[in-house]
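Next, two complexes with subunit A in common: one pairs it with subunit B, the other with subunit C.
Take a look at the complex of A and B:
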């Protein structure tokens, strides 16, 4: 039966049909499948499939990519409410857009994928000062600070990721906390993440999930 | 509509001629313009053409005065006097040098009432709609309330980037560029005015001195860049709610550079850092607040601006949907110029499509309304799926006309369309939510800007670009911004008229609305808009 559910769910996700995806999941619950199985057997493999598809074809349709990430996040959120025991969390991330940047969509997609992959995410919102990134990362015991910047001046400016790096160094936190960046300027210059002091970057919201999990494992070996 | 074939060294141009329209009027909206210096009165005699086929009005008095009997014998006519009675063919031997400035076709101009009979000096005035992509200019005799001529041409700041951010960034990186960008726009405006004076009046320098006012509306960044202040303050979101200085820097220099010593130069103040005075002008032209509660106005462009009148408050906002609706970023995208596919219909049982183009010319690509129509029609025939995928991947794009490669629509084009329409629709939904309204409360919808007058409303509704409202309640207004600016130019106190709209408006920054991203994603599918939540 699970195979049929996986097939129907993947079909709904491929068609970016959120209503159909939810009706597959609700039917599965009604048929006695647990919320845990739905997340681990159905949703997460679908996200992983989506990641590999996007890695293979970087020109994939962005609208479809946003919609599929959104379906994964909202299904996971609904299922988590039904979990018997709190799920085991892979790690913690604080995320926000750089100081001066109000473009929140990329962050929204990354958050959706991380939630679906069992990473605990704290959203710091938009236009986040560097100090706040670091303070909140410490407060939440996060392994990764994710800084999204869609404009050249917010990606490379002194108030963004660059300042976060300085603060981590000044406070002696570089062993405990990694920095990941994302946004259009990093796509145009694949070495730019190093210039701004980040440990890694991701080309899109979906592959960010994988990159962030790798960073978490660097500082928090499981 | 009759067909006018124009032969010249540059090839043959096929144009649609409205009843009563002169050949010159028809050509003024194209690249192939006749020589001219009198505004079409027939007094300069420069616009010679030869009528080779077709019936036309008899020779006019002006033609008897300006043409020799030999010339008349050979079928030579003055293009400004020549009004074909049906299909016709002409030859143009010596066209005017090419210019970036074209007349705005009459069907894209609003009738604007107003005059300033009390003026006895400097009676001329210029209205300017300073767009990111195009600049529109109208010259008026303010005393007699007469529009002398209009022009539309590209904003030359485009070399620094198609969108506003790239231009602001260029200034941020090299502050001395502020002067360069200001100069480009300033020169473009005066070129347009000089082109009008040279061709439609016949006198340039003395007339420039008779111009008493230049009224300029535009988005905030364009006004700030034109002013010479550079506008980099706009890169800091903290400044978006505070007034942005858009007064011309070194105004006396402008008078010298423009050779308009008596012109009062007014850059109409924007409504907020992210909502310009182009929206103010739209609101004046559409009289949105005189209408019922639930009146919505969209000004579609690279940055789409939106206003909602709920009966007591005018909620205004803007959303960066991207330039897809202006034909930019689309494989075969183009402006709404001759040859642009503006409508698409399924044709025949064999799965064919009929593409209508502007001026009936050979299809060269899609303008905004053609893009929306193509997506809607392909969705209807099942070629496209609601996700935006093609049912069968078409390889190098799906050709609506198998014989014409420039009629192809690619997956990337559909993606750009989806993102632009989702941003627009999501912004409308968020404004309605703030006003505690839903789609069903909409009584009136004004669509200004990029789509012009060719947008198919039911198709736009089927793909979720426009809300579900009876098509007769939708107004397509091609040049509302210029019309509103002209109204301000002709008002006794235009600045006060513009300011009055500003004082009623409440600017909303969508990037501070937490639900906007989710709403945007909900609107990405190709289907009618989902309910406002």
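Take a look at the complex of A and C:
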């Protein structure tokens, strides 16, 4: 039965049909599937399946990424209320858009996926000063700072990820905190993340989940 | 031949000494005039002067009436733009903050009478008077399916588009389409003859093929119907769209295609052939770090692919301020050199 649920849920997500996805989940609950199984056997594998599809199939699109994240986050949030025991959190992330950048779509996709993947994520909003990224990461005991930038000057300028790197260095935090970047400019130049001092980059918001989890594990081995 | 005549020849496939060479140096105008962006973009005279100076310095073919993309949001009620001397301005105040605001959104009866148009109008008049007879005058217009992103933010627009009520979505799109139609008419009347139609939802990188057919295409058809496709350039915000070129050509009859640097230019050229103008676009993010030699090699590659069978234009993307002047010069010199027809 679980296989049919997974298949139906995946189809709904790939068709960007949130109503159908919730219908599958509700039916699964009614059939006695636990909330834990829905999250760990259905939702998280669906996010991972989308990551895999993005790699293999250039025809996946932003609408699918957005809905994958939104549906996953929303279902997970509802299922967590029904969990017998709180799930183990993989790690903590602070996320925001770089100073001067007000584009929030990519950040929202990343956050949705991270929530479903059991990563605790704090949204710092848009136009976030580098100092705040670092202050909040320390306050939140985050392993990763995620800096989203849709414009070239916010991706590569001195007030964005580059400044975050300087601050981590100045405060002796480089061993504890990793920097990940994402956004359109990085897609056009895959080496760009290195020039801004990031540890990694993600080509899309869904794949960012995997990249971030890898970074968390670098500084917080499980 | 004048640059305008060279462009017309490229579109029609008539003989010309070289390909048209387009370049988008927008934010660079403020630096050229030694002004902060906010001061520069506050004046149509200054923007026109910036455009004319950049064109005179580098010798490319076109000038732009575009200040920044958020200008369209200002015409529809946005009251704040975030200026940054390092790069392009952002919309900081969304005209639509909640779905309730959609009903209140007003498309100006006469766009040219709106205060936010005044400086654009001044800029256009100067450009038209100075170089309009000889050089292509470009305008930037956002398609109805994308304009909501400037009015409410892309994530909120995606949410409404994908999960919201269809009637509310369509109410917003009708207003955006009406705005596009009025804006296109205003630009044409003011002398713009190259209308870059920015339609990211016209790429299947944004939405799947099914939604492209059922959503993007009909709204593009509606946008373009009254004014026609004369001078329209199909541009998907640097996203690839090779897989829909044939359908767009067949159904919308658009003649000019601005190909993403991420797309296969040879494939695009084969699809468009002699039925339209293929624009080969350099990856100007990589241009930030390339050497002048790398830059020349890439321009050569694009020209060698695109010039076969004529109907080809060389162009740039967003041209960030971070692109070194040496690479701008190398790029344009190479475009004029490799863009010559024997």
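Basically, the second predicted complex is superposed on the first by the 220 of 222 C-alpha atoms of A that agree within 3 Å, B and C clash if a C-alpha of one lies under 4 Å from a C-alpha of the other, contacts with A are read in each partner's own complex, and residues count from 1 in each chain.
By our rule, a contact is a pair of C-beta atoms (placed from the backbone, for glycine too) under 8 Å apart; a residue touches a chain by one contact, two chains touch by 3 or more.
Small disclaimer: the values here were computed from a predicted structure and weren't measured.
When both complexes are overlaid on chain A, the residue A:189 reaches subunit C alone and has no touch with subunit B.
Once the two complexes are overlaid on the shared chain, A:102 sits against subunit B and subunit C alike. More residues of subunit A lie in touch with C than with the remaining chain of the pair subunit B and subunit C. Look at A:62: by the touch rule set out above, it reaches both subunit B and subunit C. Shared interface residues of subunit A (contacting subunit B in one complex, subunit C in the other): 16, 18, 59, 61-64, 66-67, 70, 100-105, 108, 127, 151-153.
Residues of subunit A that touch subunit B in their complex: 14-18, 59, 61-64, 66-67, 70, 100-105, 108, 126-127, 151-153. Of all residues in subunit C, those touching subunit A in their complex are 82, 84, 86-88, 90-92, 153-155, 158-159, 161-163, 204-209, 211, 238, 243, 261-262, 283, 285-286, 288-289, 318, 320-322. Listing the residues of subunit A that touch subunit C in their complex gives 16, 18, 59, 61-64, 66-67, 70, 100-105, 108, 127, 151-154, 156-157, 159, 184-185, 187-189, 191-192, 195. Those residues of subunit B that touch subunit A in the shared complex are 165, 169, 172, 235-237, 385-389, 411-412, 414-415, 418-419, 422, 509, 511-512, 516-518, 520-522, 524-525.
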